[in-house]
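Okay, so chain A shows up in both of these, paired with chain B first and chain C after.
What follows is the complex of A and B.
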């Protein structure tokens, strides 16, 4: 399978009046055609900044640092100028945002907003664009699209607005769709509809998707690969089975333990992760999770761990995988210097 | 637990709002946020109230503490109907019922120090003064996992989880019996949620608190509650113990709601999901009949005209559906 997106050593910082906020601190991952990659993390973990960096939407005072590389479809995105990037954006890479209430302009009709996007990126005439927009709305399951398209955002419910935004994002058949918390603002029954729709569209159109969320449940529903982020770094990445059934990193393990399991009958006490997320203004010099980690050692506080190869697809950034660290139950030892 | 007298009993509680009202004429549009709720909560119990946005769960909580005046119905607290008490008479009960709010950023006054925030209730109810008051505030801070030094700080100096702890300390300050928790964890990060939930459970054990836990996160509600009520557009659809509700949901809405919880387990049956068509209807000027009828896959003609009764089908398991037995082969 072809690699569609390869992010290498991405570092994004924001230079504020208070100092440099290192939102993303050297992360690498790749995405094949047809993949649905989930990026999980808490607020402030850098997951949204990662997606905005790929979209080329980092503005002053934010900077993508020199050493970063984002290769999409054999094009190095960090070297593109504004015009080239804006050609790519919408055509090849599209994005949907968390809040369907604020990402639509309330004073324009849906028709207006959808045809604007379509005409900007294609040579279609007004009527062709309208036809295409109606077809897209039909595809995302909006009833009577010919009539509804004339409506304004306030006449659409939250779920329908998100459908309309997905339709708009798909209007130019992008190769990559980035969805930043697409269902967080929606109710569970509507969330189920939207996730179902995304899976369905992925099957039909073979669009690759990056799904950003804080909800492990949502990841389990739709993704085939997962990246776990914390404090601007990747803690662990792997296939969905590896992250859910064989998690290696203490943070991933902690996340699993801190969410209640619905299918259990007996009341089990939750095991929270003590402490609170790091301050990215002054991130810990070592592993960002070390202040909260039950297994933290001296080296964890001094130096961030490299990503150890657990399997062909799974990487975990924890010193416990090193040969020289003490044996702790549940942590695989990795021989030699097989890490990247 | 079943034989004891409930701490609070809500009977036929209604809260209607007039929407689109202007200064000159009274609006005819009635938003029935809460429309005839019946439930009780035993002492020391956690009662969960779940539902989607707009179903009236928060309005229910706010009406019980009398932040809203109920349109109709009774709220019997420890044998006394508090639904119609005057503000003065209500004071005794305000001391017994406290509330924790959803948004820890909006629910703390940014111009007050932590001491002032926690001490406000102590002053209002004239419980303690001077050193004793300050000592009590320190105790409370330590009880919720904060430090004494934090007492003189302002809310903006704290993280979301810490703020929610301050909100909890404020609710505990006057030693209430019942705490209404209105989505207390939904604004917090996943790793912090478990900390706060565990703390709420510990406090309940220590102080014998009773909780009304309002949330939309079904897995967390299941975790914390003894009994759960499921609301839809102002009506209670189903009520049972939490295990019973999750293992044996009888109402088609509950069944759909439970099946749409994303389970953090990739191999869990994804295809068993019931996807509901359409959106939640409007609570404005509702027509008679079951509120869920328009989205229900078992809907019959009489569902659209006759409001189903909220009845006990199995012991302690209440459902508002005409066909609950038929659907579930009971």
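What follows is the complex of A and C.
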């Protein structure tokens, strides 16, 4: 399988009046063709900034730092100029956003907004573009697309708007679709429908997807790979099975304990993770999770841990995997210098 | 659609009748009359004058007589400009006021909106500071000061522009600039803040994420939304500007409609006050109606129907 996206040492900061906010602090991950990668983390963990960095949509006062590298389909995105980047956006890489209610322009019809994007990236005529748009709306499950396409966003429900946005995003057969919390603003039944739709489309079109969410349930439902982010850094990454059945990092473990389980026989208390996320204006010099970590050691506060190779696909950024650290139950020791 | 227009016309007529009635009552309530002068006028002469203009009729009869005239577009004779009828005064003064007002409105739209957009796009850069500084000054400095400065510098000191008269095209420059200063700055500021607001919207980000060029993102997706509040302001503004400005017309010695209006209040020239007020109200209503139609063209969420 070919590597489609390779993000290396991505650092994105916002220079505000109060100082530098380090939203993303040197993260690396890869995405193969056909993958559905979930990026999970709480608010402010840097997941949205990561996706906007890939899209080249970081606005002032945000800056992607020099040492960062984002290689998409063998192209180094950080070196492209504005024009080259906008030719890629919506064409090779598409994105859908959190709130479908406000993501469509209220003063233009769906037809206008869809055909505009199609015609920007292809040589289609107006009528061909319209045909294509209708076909796309049909594909995402909007009934009577020939009629509905003439409608305006306010005539669409939230779920239908998200479908229309997905249809627009897929209009040029992108190789990569980034979905930033696509279901957060929708109610639960619609959420399930949208997720089903995305999975279906992925099967049909073989588009790689990055799904950003704070909902582990959503990740479990659609993804095959997971990256867990915290405080602008990657805490753990691996396949869906590894993250859900063999989590290694104390943060991932904490997340699992705080998910309600359907268990009719037993009453079980949820265990929250005490404390609050770090201030990215002055991030801790060591592991960002150390102030909240039940296992924190002296080294955790001083120095961030490298990513230890737990398996072929799983990495965890925790000093407890080091040979010299004390033995704690549930933490695998990694032999030698196997970390990146 | 047809129902809507019928409703609109009925409400317009009712509004105008109400405006006429209120003006009539207010006017008779203020002390003094058309023939009150500092100089002593014998009672006999006043009586004859009042008789001539039917001012000694009972107020209710005067009211109905006036309304009858209004419906037939007979606005009555002026009390101070002997021999002139109010409709003649409007016909003689309005074209010039409208001409200058029209040019000023055009200047406001053509310059104000683009300047506001540029300022928003270059937020917190030197050009933005410059535009906002200039706009603040133009909003705060009254039009008569601007007019006086124009006359002093351009006409008197440098002799580029004439001080008065309306024969050469050059002549219009002074009044048009003085007349548009305030609204021009206001429109620029309004466009800027509205644009800044719209640029933060999610659909602008979507447009960028879809790979549209910056020109299309701004010129198509952001602009149309940003113009909605601007249109709201421009409608009534055009009505106000077209119906003339007393100050500007006085300073540049123009025979426009604004001068008649203000003079008539001082003279208690009842028929002129009434006629001008109703005329102004009608004009205003028409402009608001046009704004409503433009609204429905810009924003599909606003529908015109009965």
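A few points about this structure:
Simple rule for what comes next: the second predicted complex is superposed on the first by the 337 of 340 C-alpha atoms of A that agree within 3 Å, B and C clash if a C-alpha of one lies under 4 Å from a C-alpha of the other, contacts with A are read in each partner's own complex, and residues count from 1 in each chain.
Just so we're on the same page, contacts are C-beta pairs under 8 Å (C-beta built on N, C-alpha and C of every residue); 3 or more make two chains touch, one makes a residue touch a chain.
The shown structure was predicted, so the numbers you read here are calculated from the model rather than taken from an experiment.
Within the superposed three-chain model, A:221 lies in touch with chain B and out of touch with chain C [touch as defined at top].
Judged by the touch definition given at the top, the superposed model places A:262 against chain B, while chain C stays out of reach. With both structures placed on the common chain, the touch criterion links A:17 to neither chain B nor chain C.
In the superposition on chain A, A:2 makes contact with neither chain B nor chain C.
In the superposed pair of complexes, A:195 makes contact with chain B only, with no contact to chain C. Shared-chain residue A:204: touches no atom of chain B or chain C. Contacts of A:90 after superposition on the shared chain: chain C is touched, whereas chain B is not. Note on chain A: of its two partners chain C and chain B, the one contacting more of its residues is B.
Applying the stated touch rule to the two superposed structures, the chain B and chain C interfaces on chain A have no residue in common.
Chain A makes touch with chain C in their complex at residues 55, 57, 82-83, 86-91, 94-95, 97, 99, 102-109, 116-117, 120-121, 152, 154, 165, 168-169.
Interface residues of chain A, counted against chain B in their complex, comprise 42-43, 157, 159-160, 187-193, 195-196, 214-221, 240-241, 244, 254-263, 265, 267, 269-274, 276-277, 292. Every residue of chain C that touches chain A in the complex is listed here, in rising order: 201-203, 205-214, 216, 220-221, 224-225, 298-301. Touching chain A in their complex are the following residues of chain B: 52-53, 159, 161-162, 189-195, 197-198, 201, 216, 218-220, 222-223, 243, 246-247, 256-268, 270, 273, 275-276, 279-280.
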